[in-house]
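The following blocks contain the structures, represented as structure tokens.
After this come two complexes, each holding chain A, first together with chain B and then together with chain C.
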Partner chain A sequence: MFFHIVLERNMQLHPRHFGRNLRENLVSKLMKDVEGTCSGQHGFVVAITGIENIGKGMIRDGTGFVSFPIKYQCVVFRPFKGEILEAVVTMVNKMGFFAEAGPVQIFVSNHLIPDDMEFQTGDMPNYTTSDGSVKIQKDSEVRLKIIGTRVDATEIFCIGTIKDDFLGVINDPTTA
Partner chain B sequence: MSLANLPQHSSSSSCKSSLDEEFDDDTEVDTDRSRKRCKEEDLGSIEQTQGSGSQVLVEENSKSSRKKDICAHPGSFEHMCIVCGQPVDDKFGVVFGYIHKGLRLQNYEVDRLRKIDLKRAMRHKKLYLVLDLDHTLLNSTKLDRMTAEEEYLKSQTADSLQDVSKGSLFKVDIVDRMIKLRPFVRTFLKETSEMFEMYIYTMGTRVYALEMAKLLDPRKEYFSDRVISCEDAIKRHQKGLDIVLGQENAVLILDDKEDAWTKHNSNLILIEKYHFFRSSSDKGGFKCKSLSELKSDESETEGALAAALDVLKQIHTTFFHELEDNQRDVRKGCKRVFSYVFPSKFQADAGSLEQASSDSIHSAVKLQTICCGKAT
Partner chain C sequence: MSEKGGKGFSLPKPSLKSTPPSSKDGKDDSSTKSKKGRRVQFDSEGSREPKSNFSSKFYRPAAASGKADWGKGGKGDTVANAKKKEPQPLELKIEQELPKSVKCMMDCEAADILQGIQEQMVMLSKDPTIKIPVSFDKGLQYANSTSRYTHPQSGRHVLETLKKYGVKDGEICVIANVCPETTDEVFALVPSLKAKRSTLSQPLKDVLSELTRFKRAT
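Coming up: the complex of A and B.
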């Protein structure tokens, strides 16, 4: 799920960046540092939308670096257990399939794929129902439910299922 | 009478609802077992009196709440169970890093997947084939180890990476090597892909393995993600079938090195080493000029790969058309079909490396036809 929240961070700035463009340098450094990172609490920081407040800079003892506390608004993405998400399938194999929803990698094991879907190998491996009406292959869009999440420094991993009602393929790339 | 019925009725409904809730958590095995258990308990409670009927209800409720917490954790992805999503300890089973980073499965889960896949493979009349890269399908040499007489090859590779499917000589800078594909390899792969599900299993690094897969299979139709490198193997310098998702009695291995497969000798088909570059034949102990320096190559239609293809076709036919269902095992019957024969001494001069190789192949092929004739 996406959230628009206010986060705070202390940015260290080297004196070479002081001058007329101090604020711009600070903001660009913040963007470089924060966009694309992950934390367990907030999830994946997608983009910074605005700066709320930049506090007074404190010079650090011993070095010439100055520390600014910045409050900024940003869009974060964090998957939750139990959440229903739409994802795009990236790889299909005998054990299940991998899908991506933005920066999140989701694995759906074949235990959590409906029993009537069988794996078919070939140059486009896929899971198909016995009558061939529903097919899950690379680039298919699926609706899945998250049943577990794990966050590390730059990526979020999830386990998903499509065995519940209303889950499964949304869009078949071959017919689209 | 109605009171006696009540506990029995509610116990069966609680049994069903707990099954529904747990459908996501339990493995298939667990749900089958729990269904059977519920049936037995239902039958038991019919015969009991009212007092013990309510006791059965209490027992079943505690059993089903225990079942909810128990997930067998058949595998993990990035330290999370793939069935229930709970964090799991990562010290079990087999790592399947070549399929995707972070994937790990329990041994019984691997067996279960193998059985399911075997049924599918049998339906499509396909066996499994594990192929080695170096000296089997291709020969590679480090760019700085090429001799002066091999320099002419560097000019031949200028455009080859543009259209991979047409060439057989490539200069791959990412791994700093010159690669020569074995003659007949493209036909070999095309024909074996119709009879086998194929794996690459090399002792090289993953980067090397993936680059070679791109050269051999540019459209990803033969191997797809089934490329195993030394980083995926459990033991160093030893190859094993534990990370291959195929039942052992249906897996064939084509490799030039016998001691890499000590645990699976009966699945192995030994092929003669392919030495094209000077550095490779030097390592192999040959003192004569290499094929690259002599500007010649192994025969395409009478080379080792063509012979290996015939052997594989024969095994495939025997397996599917001649053996009974319960006897189907590639390791039995056609045992030692392709016996490796190489003359212990050979003349190092007169460009005889090629001559010696074709001699040995012919004698090996003869041996093979004798063996197969006796297969029952």
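Coming up: the complex of A and C.
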């Protein structure tokens, strides 16, 4: 889910960036450092929407760098346990399938796929119901529920299920 | 206790709750019972993906054959229920994990904002040192694909009326993103609302019919 949040960070700036463009340099450094990163508490920082406040700079002893506390608003994307998401399938194998929702990777184990769906190998591996009416393959859209999350240094990885009511395939790419 | 567990399946951690109460019954078959009773609860934090297969593998078969396996049927079950037999439906707990100043956004609102930023980024990308991060592109693509409403503000306005019935912001956003057609779907997907089903059913029905007016034609 997307969130709008205010975060704070101390940015260090080298004296060569001082001058009339100090603020612009600070903001562009902030964007380079923060956008695209991921943390356990906030999730992925997708984009910075605005700067709330830039505090007074403090000169660091010994180095000459100046540290500015910056408060900024940003859009973050963080998955939650219990959340319902629509994801696009990226890979299918006999252990389950991988799907992607925004910057987040989700794995759905075959134990969390309804029992009436069987894995079919082939050029396009997929899970299909016994009557062939429902198929999960690469590029299918599925609605799933997140049941667990794990945060890495650079990404968030989730476990999902489609074994509950109202979950499963939304859109089959072959019929589209 | 570890001897009874035989192969050390009964882990000492109290949170794991993996030793069934009837393990005290089994003399020889305690190892098989504890094998079947072994269930790792992975909704606690941390990476437990390999074990998640086990928990779900034994999840339903254990429920089905639980009574037979666990010997003392009713008694065993009630004790097991106290310890966790049927896992509670996973509920959304955003407010507990994030500070209050955080504002949940619907996918359509996020799509609007990110679209605006992308237009600015086109100008910024002329600077070779600035790289547009991958997560931005993916986030924008995702928000656009899941954005269902032609007028996010109206959609938000309609859903805000649910707040007076005690529906939280996070739950409102899930309802907006999922775009349900019936109230049954809402209560199935957002189990935390089930407790208020009696008061919420009618207002929810009204809200859902209002929302269909703002749905984007796909």
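Here, the second predicted complex is superposed on the first by the 176 of 176 C-alpha atoms of A that agree within 3 Å, B and C clash if a C-alpha of one lies under 4 Å from a C-alpha of the other, contacts with A are read in each partner's own complex, and residues count from 1 in each chain.
Criterion: a contact is a pair of C-beta atoms (placed from the backbone, for glycine too) under 8 Å apart; a residue touches a chain by one contact, two chains touch by 3 or more.
A quick note: this is a predicted structure, and the numbers were derived from the prediction, not measured.
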item: First (chain B), second (chain C), both or neither touched by A:Ser109; value: both
item: Per-residue contact with chain A, leading partner among chain C and chain B; value: C
item: Which superposed partner A:Ile147 touches (first chain B, second chain C, both, neither); value: both
item: Touched partner set for A:Gly57, first chain B, second chain C, both or neither; value: neither
item: Touching partner for A:Pro69 - first (chain B), second (chain C), both, neither; value: neither
item: Touching partner for A:Lys81 - first (chain B), second (chain C), both, neither; value: both
item: First (chain B), second (chain C), both or neither touched by A:Ile159; value: both
item: Doubly contacted chain A residues - partners chain C and chain B; value: 81, 107, 109, 111-112, 147-148, 150, 159, 161, 164
item: Residues of chain B defined as touching chain A within the complex; value: 23-24, 27-28, 74-75, 77-87, 96, 99-100, 102-103, 105, 113, 116-117, 120, 197, 219-221, 224-225, 245
item: Touching residues (chain side chain A, partner chain C) in the complex; value: 1-6, 28, 31-32, 35-36, 38, 41-42, 44-47, 49, 75, 77, 80-86, 88, 100-103, 107, 109, 111-112, 143, 145, 147-148, 150, 159, 161, 164-166
item: Residues on chain A engaged by chain B in the complex (per definition of touch); value: 81, 91, 93-96, 98, 107, 109-112, 115, 118-121, 123, 125, 146-150, 152, 157-159, 161, 163-164
item: Complex contact set, residues of chain C against chain A; value: 42-43, 46-49, 52-53, 56-57, 59, 90-94, 97-98, 101-107, 109-110, 113-114, 117, 127, 129-131, 133-136, 138-143, 145-146, 170, 173-174, 177-178, 180, 185, 188-191
